[in-house]
Amino acid sequence: MINLSDNILKDTIQKRKTISHKGDFGKTLLIGSNANFGGAILMAAKATLLSGSGLTYTATDPNNVTAIHQYLPEVIATNYKQTDQLITLIHHVNVIVIGPGLGNSWFSLALLKQIFNHVSEQQVLIIDASAIDLIAKYDLNLPKAKTVLTPHQMEWQRLSGIKIVDQTPEANLKIVQQLHSVVVLKKHQTQIYTNQEIYNNLPGTPAMATGGSGDTLAGMIGGFTAQFNEKLNAILAATYLHTKIANDLAQTHYVVRPTQISENIPLYMQTIAQDN
Amino acid sequence: MINLSDNILKDTIQKRKTISHKGDFGKTLLIGSNANFGGAILMAAKATLLSGSGLTYTATDPNNVTAIHQYLPEVIATNYKQTDQLITLIHHVNVIVIGPGLGNSWFSLALLKQIFNHVSEQQVLIIDASAIDLIAKYDLNLPKAKTVLTPHQMEWQRLSGIKIVDQTPEANLKIVQQLHSVVVLKKHQTQIYTNQEIYNNLPGTPAMATGGSGDTLAGMIGGFTAQFNEKLNAILAATYLHTKIANDLAQTHYVVRPTQISENIPLYMQTIAQDN
Amino acid sequence: MINLSDNILKDTIQKRKTISHKGDFGKTLLIGSNANFGGAILMAAKATLLSGSGLTYTATDPNNVTAIHQYLPEVIATNYKQTDQLITLIHHVNVIVIGPGLGNSWFSLALLKQIFNHVSEQQVLIIDASAIDLIAKYDLNLPKAKTVLTPHQMEWQRLSGIKIVDQTPEANLKIVQQLHSVVVLKKHQTQIYTNQEIYNNLPGTPAMATGGSGDTLAGMIGGFTAQFNEKLNAILAATYLHTKIANDLAQTHYVVRPTQISENIPLYMQTIAQDN
Amino acid sequence: MINLSDNILKDTIQKRKTISHKGDFGKTLLIGSNANFGGAILMAAKATLLSGSGLTYTATDPNNVTAIHQYLPEVIATNYKQTDQLITLIHHVNVIVIGPGLGNSWFSLALLKQIFNHVSEQQVLIIDASAIDLIAKYDLNLPKAKTVLTPHQMEWQRLSGIKIVDQTPEANLKIVQQLHSVVVLKKHQTQIYTNQEIYNNLPGTPAMATGGSGDTLAGMIGGFTAQFNEKLNAILAATYLHTKIANDLAQTHYVVRPTQISENIPLYMQTIAQDN
């Protein structure tokens, strides 16, 4: 087991090349938010954008499109019910995040299957929230892609079959090895599992215990994997930075809004890059 | 009669346990805002969220759903006309706030009765604004729950039958004892009545005399009772902190927007918690 | 002719009585914004709210209702096509502002006539922008109310028949005396005309020369006349403060957004009130 | 080739005349944003408004109208499908920006042709993004107007037929001379081409490599050409200032949101004007 430290940020977040172009920093597509959970995609996309993804796309319930454009003018919003457009987008991007606010309706399930059918081996696919529950409930096989799962403990119980009290590193690792996925197991001290290794994140603050922290983390992992080549480092650095910012904000805030974390990402990233 | 002081904040707002989870800080459902009074639910929900409720849900006119998601991405917004979904939500949460912007239509009345039918003894039910008028007008019985009423003086006159000039502590207390409710009687110096006791709040600033102060207070009481076990203390502390923040802002602002009060809640709560 | 100075602010903006209630600070109804000019009512209402009107209502095209609730949760928004509701509101408030973004359609004309029919002698009626043009074009008689007209020079030309180059104080005053109105003639150095007197405002900054300055001024006059008893002083103080804040912001801003002026109103008012 | 320096800002951004009027600072119409790309027109219009255009109009997909009013109340929003209204607006303004978020549908093409038919020689017409691609794809002739094209390198390849690797100053200039247009060729170090001269901008920061930088630049050129008489200087100064602000923000931000650039325009312009 490896304890993460500020080094993971220094190893990952580099000064950008002087001559570069938005295409150099990746394209991320976030899919989620039914009509009731419209805020989740806003929070995830805000995190992706402010993490530095070159372009950020969303596919969501049509009721959420106006809100996205107004909340984040830099983000492109599409209706996730327009299948042709969605498939074109899937092939256009290098990172896909599915799950924030997706819900567990029949439509959500069909959409998830659609993504799994069209994603390719070179793409990073981050699977969060109700998308994880759908996989567990319908026993779906993960697609051939660089998959990242971001369950909290209860979602992991449903997916792995391991009860929360029995979620030891050894038991977890065994299931992770069957999944051929990176698993970000969210809890007070989040752990990141690969096939061979377990990484311990910073312990988190209870001020983050509010709706939307997970959506923000999924969006950050999207933004980091879109632009940084070392995918594992990108996942580790995003997870670490999410907690580090929240812990700092918790010095002065009894509760930390997830959107506040996102607003601080560019400032923290620049502090790290300029010292590198 | 007991005069509240900063001690009520210290007694109530504790450092959060290091290892905790959003479920530990309660689930609050706010019900209100017809199409004309769309801002009330936004203000109440902002106060609940920033008071630290683990999860914050709203049920409102469908015209308000997009506004809620965009204004408060952390909050879940549902259509209050979808009865099945609403009843599921009522059973899912531990605190319910009903009234901000609800209006006094036949639909509002039917909705209020629905809540009264489904709420349980373990739940906190905060009844505000037009919900109080509906109870007075249709002589509704309060349900078996931990009810909190938050009338201003005119609403209290309608509910209690006591004219404003006759609203003495003794007269008020007699009616409160019949209601088996905590009553937060809002006025220049708000009083909180229980079956046995009367608590005097800080005197308030006239800079708060603007639409939305009451919605914000109802939301704060929701957020505090959702996360703190001592329910009476939670009500007292929310009421006291609402006034304290407004009074401080009034040092520099001729009028204090209720949404400004909410934005300061996490900062004040942290100052108190870290000194504890 | 009287040159206004900071004294008009000191004479008007008093410390609020400690024991007071939102009803003590007036109720203002703003009517305007068709579907194309949706921003005007937002700017006017923001100014009214932040000037300290106890309650702020708007009646507008239904397409603007969601935007108002979200932009200004403290403000109540209604559909100006619902005639019964509108008439009830007119009788409910003490100040009415009509014109910002109203446009000059047949509907606008009908609406304006409706207001004129229902307004009463005790009410302040502020007439701005296209409402002034409609009066000029259709030769409407002003209603029996405390009317305030806020034309810029071209609107004044249309209404008074005096060409801009011929708009001397003497010529203007003659027409004002026929109108039995206060006229706020907006230009580089705005003048306020009553039946007997002419007041010169501060000269304004060219940084204010952008869409929305007038809507903001109309809203401020609404907020000031709603809460302060000396109606003429309220008009003079609102006009003076609008320019004073803009001039101060122009020290650091090449263009001053009208919404920035509004955000500063409570700070300026408090500075004045606490020195009184 | 001329290297631009801070002098272009001093030469262009003058103190405004004390006695002036919003009509003195021009009227800009921005046309763009289909339903998917709703954010582009918001970003472009924000830049135009904050650059100091006297009045800012937009014509866009009807789904975007509410978002514009709420995001930028100072801006007037119209439905670009209402042809009569659009043509009236075209004749009403002195600067037109077409392209941000326009897309390349048949409707986009028809709209572009409509603009080309109605624009006049005295007007500035800024052509950006997909509008450039449509010209290339359908081999459209540029209208008789003061046209400005703002392609990035790939759009320039499509329009000029010169592959990116072959885009030498000489080759580019030859095509520019055929177009009778000013061409702002966006890249790490943007170049501005006129018939006779090539101007080198400041090198830009990679922190700007995110969606929306181009929309913001097009909006700034709109705002500058609307108010400043020397049109070439206005274009050069807008381009230079856009990069200068972004470079400054990149000292502390790993990614710079285009909307942050816009928020800083009035502050930078005032610093320059007051030193003049």
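A, B, C and D are the chain letters, set down in written order, and residue numbers restart from 1 in every chain.
Note that in this section a contact is a pair of C-beta atoms (placed from the backbone, for glycine too) under 8 Å apart; a residue touches a chain by one contact, two chains touch by 3 or more.
The UniProt protein names, listed by chain, are A, B, C, D = ADP-dependent (S)-NAD(P)H-hydrate dehydratase.
Here the structure is a predicted model, which is why all the values come from computation and not from measurement.
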item: Turning angle required so that subunit A lies on subunit D, C-alpha fit (0 to 180°, nearest 5); value: 90
item: Interface sides of subunit A and subunit B: same vs different residues, half threshold; value: different
item: Cα-centroid distance, subunit A relative to subunit B, in whole angstrom; value: 35
item: Inter-chain centre distance, subunit A versus subunit C - centres from mean C-alpha coordinates, in Å; value: 49
item: Subunit A, residues touching no fewer than two other chains; value: 66, 70
item: Interfacial residue positions of subunit B with respect to subunit A in the complex; value: 13, 16-22, 24-25, 49-56, 65-66, 68-70, 72-78, 265-267, 269-270, 273
item: Of subunit D, residues touching subunit A in the complex; value: 35-40, 42-43, 46, 63-64, 66-67, 70-71, 188, 203, 206-207, 209-213, 250-259
